[in-house]
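Presented below are the structures under discussion, each in the form of structure tokens.
There are two complexes below, and they share subunit A, which is joined by subunit B in the first and by subunit C in the second.
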Partner chain A sequence: MDKIANPLQAIGELLAGRAQPVVTPDRLAPSAIYDLQYRMAVTASAFEMHAKPHGLNQRRIHAARLKLLQFVACRPRLLAVLRNWSQAQHDAQLSIATSQRLRRGFLGDQMHEDVVAFLVARGILAWSGSHVATGPGSDWLTQLHSATVEQGVFAIERDVLEKLRDVRITNAMLEGW
Partner chain B sequence: MPMALVLEYAESLAALAGDEFESEVCARLQAAILGFQRVPSTPHGDAGLDGFSHNGERGYCCYGPEHDAFRTNKQRETAIVDKLKSDLRRLCELDFDRRNLICIDNAEMATILPDGRKLKHISLLVNWFESHRVLSPLFTAFADYRSASACRYVDEKASINVQGPKELANMYAVDEATILRARQRVFAQRVQHTAQTVDIKDPKDFDSKMAVLREIRPDQLSAISGLAEQLRADWRMSLAFERELDETIPTLHRTLEEDRRRILTRVSQVMVGSRETWKELPTASQIAREILEPDFGKLYGSIVQDVGSGEIARLIGECPVGWERPKIAHG
Partner chain C sequence: MIRLERIVVRGQSDAGPFEGALTLAPGLQVVSARNSYGKSLAVKAVAWCLGIEPIFGIPDNEPTCFPPAVREELEFAGRQPARVLSSECSISLIHDDGRHLILVRAIRGDCKMVRVEERAIDGQVRRSKLLARRETMQDEHGGLQRFLFEWLGWPRQAVTTFRGNAAEIYLENLAPAFYIDQEEGWTDIQALQIGRYGQQQIAEIAVEYLLGATEAIKARVARQQTSQRNAYLRETARDIAERVSRVFLRRGWRVEWSGNGPLSEILARWSSRTLRGILADDANVDFGAIKALLNERVENLRRALTSEPIDESNATAPAGVSQRVVQLKQSRHTLNSELNTLRTQHEETSELVESLEHRIQSASDLLRLKTTGVGRLDHVECPTCHRDLDPSTFALTQQSEASVSSHIEALKRDRDMMRQNLESIDASLTTTRGALANVDLDLREAERSLLTVTAAVGTVREQIAQTAANLTAAERESDRVAESVEEIDELQQQVNGWITEASALAQIRLDATDLAARRLAFLSALRRYLAALGHSALSPENAALLEIDEQYVPYLNGHRLRSLGSASDQSRLIASYSLALAAASKQIRAFHPGIVILDEPLQQNPDALHRQLFLAFLSQELAREAKFQTIIFTWLADDDITRLRQQGTSVITPEGDHFLQLVPTESGPNGAKQ
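On to the complex of A and B.
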């Protein structure tokens, strides 16, 4: 089929004088990627499911690992890409080739940095060198994760996080090149 | 790190296919070789030569087969050998009569190479060179072609070589401009590829608007069907563009999100403020393009127009812009 130069003009001509326009600007849903509640919920699940015990009663996770985990959890299609990257670790050239786009993507995820900064400012998380650890208010994070489980929301994201337990993410993958 | 740039560039070249691969190779050679001349395929084909340099003594033939066109490497090898042999035969002005080589006239060559010049070396540039099994068939065939040719445009002692993405990437320095250009091409190609497969999650609002349109204009069913298909294609392009930005360049995705909000506001203002709303509909995609152009035009110029139309199709599909049958006044 030949491409129609201006399909909207054609539709306008078909509708002219025969239909009532309906304009509802509030009907367009913004991308969930910039929804603070959503991003905090995914970050909470990523932290709860992947953080390791540290010291007496703290848990922590490498900041770049958390960033990668939540990035993939929000974009389930990338799970296969991460798996391929992980499996290509023995081959430096193949590894770089398979990871370029994912690396560029998750390293540029500024929204996640903003979410972590917010959680740190609220005392929910705390910086511990290159790691993020539980802060004095970390119970909130646990409660948020539990609530998403109980209410069955963001199940796809949690499913991805669950599958990510079996994907080997090395420090070399996290530290850039 | 320079090594990473070379590898990334090689990977980008390998990811490109068809005209995009040829365009990128020509752009690279143009930047690296003083006097490189690309050969446009108009008005009557490129005569088998995609470019030449050194005042007509070095020739370049490109072939970037589509990645999903072959099921096995063996098939890919065969396709590469067949295509490049065909290019070499045209340069040598040969064709087959049954299984015998016969001389023919490649008239376009006289309009491409400088008078009296013959190609002394031909580089065969491919987007996949992971098998040495293409070499013997090509070198053997070229030796046969030289013997059979009248050698009007190819020197009788001419040589060939085969270069793949790694060789092309390593041959000259890879700078930021080269990488950026390659990334843009790969991005555009990926968006177009993704647009063919991406799912429109909930098209029922869109479908119901098209159903109303069919009710209003039963005399235009075929045209409406074509328009709906075109708008869906544009919508998928917009979704693919968004997905690619989200997965690879989140900072630009945020810019797109802000642009989308501005598009919605501007289009709503125009539609609500007009007495002849439907006359304003064609300007909606122009508004989208005007908003997207400053942020994305330089980087992704070739696809911004389609994305602009796709954004308006999305507004129709996701509800903000629509239509209904006129209400009939009673009493």
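On to the complex of A and C.
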């Protein structure tokens, strides 16, 4: 490989003249990952597959756990990262190192909070302390999950959520999110 | 052509011998008997004696196409049910040239064999037993179909299966065009055609065979074989190209030798350049020059080692050898670093491709949800603040279908780009690994040289050791080049072999000259029969617009005829098709047996118009004066029978309640009244 004597100068030259930015409007389509419908569908599946019974006829899940589950479900390659992190829990140093790739995007994922707030406002979910629980209109969430299963959509996401059942997510991992 | 003269079903029961017989004359024969008389039993007997039961979708030699009356138990008028002890059926055929043939096959009994009685024109009789199904066409001496084709004077015709194996046309492939049974035969043109044999385009081939277009069939089969050969050659080309690329890349030559594209393009590309030529042009690798240079070097070193004077004051040999070892180690280090970088890039790019695949799948799923409307929320007002609970209030967006589609397209472009990157990284990995292997080899040699030179005592011995090591290295390099040349020449031989095969394929002639007139005869006969049978979509004005496509499917003015007209036209179309094939084949003296069997054409549509149209057809000259035998099994009212007989149509009305009757002990069997 040819080595560039002065990389900064080379970059400067490129930016000055030869590397003109090209804007292709059709490539600027926002990612589907930021679509409300998509996130609601994944959140519904995460809730339906991982929420536990609470009280007489409610189900609930730790808010941070729900956020982590849907975050990894949308990004299947992070499953292995989370698994490594979970297995490295006994070693604090290793734990920090293995969770770096996950934390980087996770902390900036504000959209999930907005989706949960929206579903709470619609009465589909409800806050129960640090948990998110079923609201009066939670049937909609169940129906949405069933519809995705019936139509065979988001199979990859559901597969990740299924595999996440075997990954031990401790409170220590969820603290500080 | 031949005609059916007699159909007989007979056997032994607890109650005594039983028999049913039907005698047929040439031309149009309408057999009228009420339902459950046993007409279909007679129809099935024809197929059974010809050994073509696979058209009913049943295993070979399994008489389940027959009703239990001839297999297990039958009832005679006024008697208890009688157990069938044995049963068989027979058909008598008469050839146009006067030869007779009787085929007898057991129904309950050994049904694997068919008893054959041939009667020559001079009256000489020859009896034999032939295998109904096993090796029926292949067995020259024992196969029934082999015998029948020979007796009929029909040629055997090779065809190809979808797996690329050789097969041939069997009688059961031809029968669906002239044998229309009650249960399934009326559902489509050639509805009983055999699909499980896997013969390619067999329905078209059957029509062409019956029309005598054997040249056209040969051309069709050649086209199929060409197509299969083409696919094979393209696969071979990709395989050879991959091997060439691997060999090139391993030696660090980034030269394009593609095996992709249509066969003609690959052929043109590979024929225009040789592997050595492309290496010389695109990678500046000239084996002749390299070999000459290496030979010269070997000669110089050999001379230096054997005859040239040695400078005793020259003490640079150990330093030179050591320097080479250092350089090679540096090279190895650099290449290892590059290899590690490439491996990481490969791993990350693969992960990225996989991630993009996931994103594409998720976005496609989302698009599906959006088009079906699943997961969409209606607008709702907040019960406390009365604000509209719109997603935008929560900084959320719902993308449009167009936006998601654009995103999918963008993701696909990114994925394709990443795949290209991956291919490029793969190529770099191969090149780097090849270079590293060479450097490792050189390094081992250099280290051995260093060991020898440093062990040598005195400058003279040091120089001799260095020269000897250099000579060995040069000779090994020369060997390596020779190996490369040999490998490339071997690949070139494979390329040349491929070119020869592909060129031969390109020269195969695929045209047929015997088809146009035969198709035309069939088409004009089809027009006549469709009009005579009263197909409602066809009128004198548009009859000229009727066409048959490459698959012999009738089209009218660009629309498939099957989709035109009324539902009851379907059976008229199927009858017309079979009758037109027989008529055309007779006209052009082709390979049709000359028999068309239509079982219960009137039961296909109970409406009065259909009945009226069919009866009108039976009284027409086209039906009555046909030069082939048409046997129609149906039930007609007495008025219809009288009218048809008055118009000259032959209507057979068998006596008795059932086709099978106990054989009277004193008098002969019950006959049929015409």
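By our rule, the second predicted complex is superposed on the first by the 146 of 177 C-alpha atoms of A that agree within 3 Å, B and C clash if a C-alpha of one lies under 4 Å from a C-alpha of the other, contacts with A are read in each partner's own complex, and residues count from 1 in each chain.
The rule we apply is simple: a contact is a pair of C-beta atoms (placed from the backbone, for glycine too) under 8 Å apart; a residue touches a chain by one contact, two chains touch by 3 or more.
Quantities reported herein were computed from a predicted structural model and do not represent experimental measurements.
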| item | value |
| --- | --- |
| Partner chain in contact with A:29 - subunit B first, subunit C second, else both or neither | both |
| Contacts of A:37 with subunit B and subunit C, given as first, second, both or neither | second |
| Touched partner set for A:76, first subunit B, second subunit C, both or neither | second |
| Which superposed partner A:56 touches (first subunit B, second subunit C, both, neither) | neither |
| Which superposed partner A:7 touches (first subunit B, second subunit C, both, neither) | first |
| Touched partner set for A:111, first subunit B, second subunit C, both or neither | both |
| First (subunit B), second (subunit C), both or neither touched by A:156 | second |
| Contacts on subunit A seen with subunit B and repeated with subunit C across the two complexes | 1, 27, 29-31, 33-34, 75, 77, 111 |
| Interfacial residue positions of subunit C with respect to subunit A in the complex | 338, 351, 354-355, 358-359, 361-363, 365-366, 368-370, 372, 374-377, 380, 382, 389, 391, 394-399, 403-404, 406-410, 413 |
| Touching residues on subunit B, where the partner in the complex is subunit A | 1, 4, 7-8, 11, 212-213, 216-217, 220, 223-224, 226-227, 229-231, 234, 242, 246-251, 253-254, 257, 260-261, 264-265, 268, 271-272, 276-282, 284-285, 309, 312-313, 315, 318-327 |
| Residue numbers on subunit A that touch subunit B, as the complex places them | 1, 3-4, 6-25, 27-31, 33-34, 75, 77-78, 93, 96-97, 100-102, 104-105, 108-111, 177 |
| Contact set on subunit A toward subunit C in their complex | 1, 26-27, 29-38, 40-41, 44, 74-77, 111, 114-115, 117-118, 121-122, 140, 144, 147-148, 151, 153-157 |
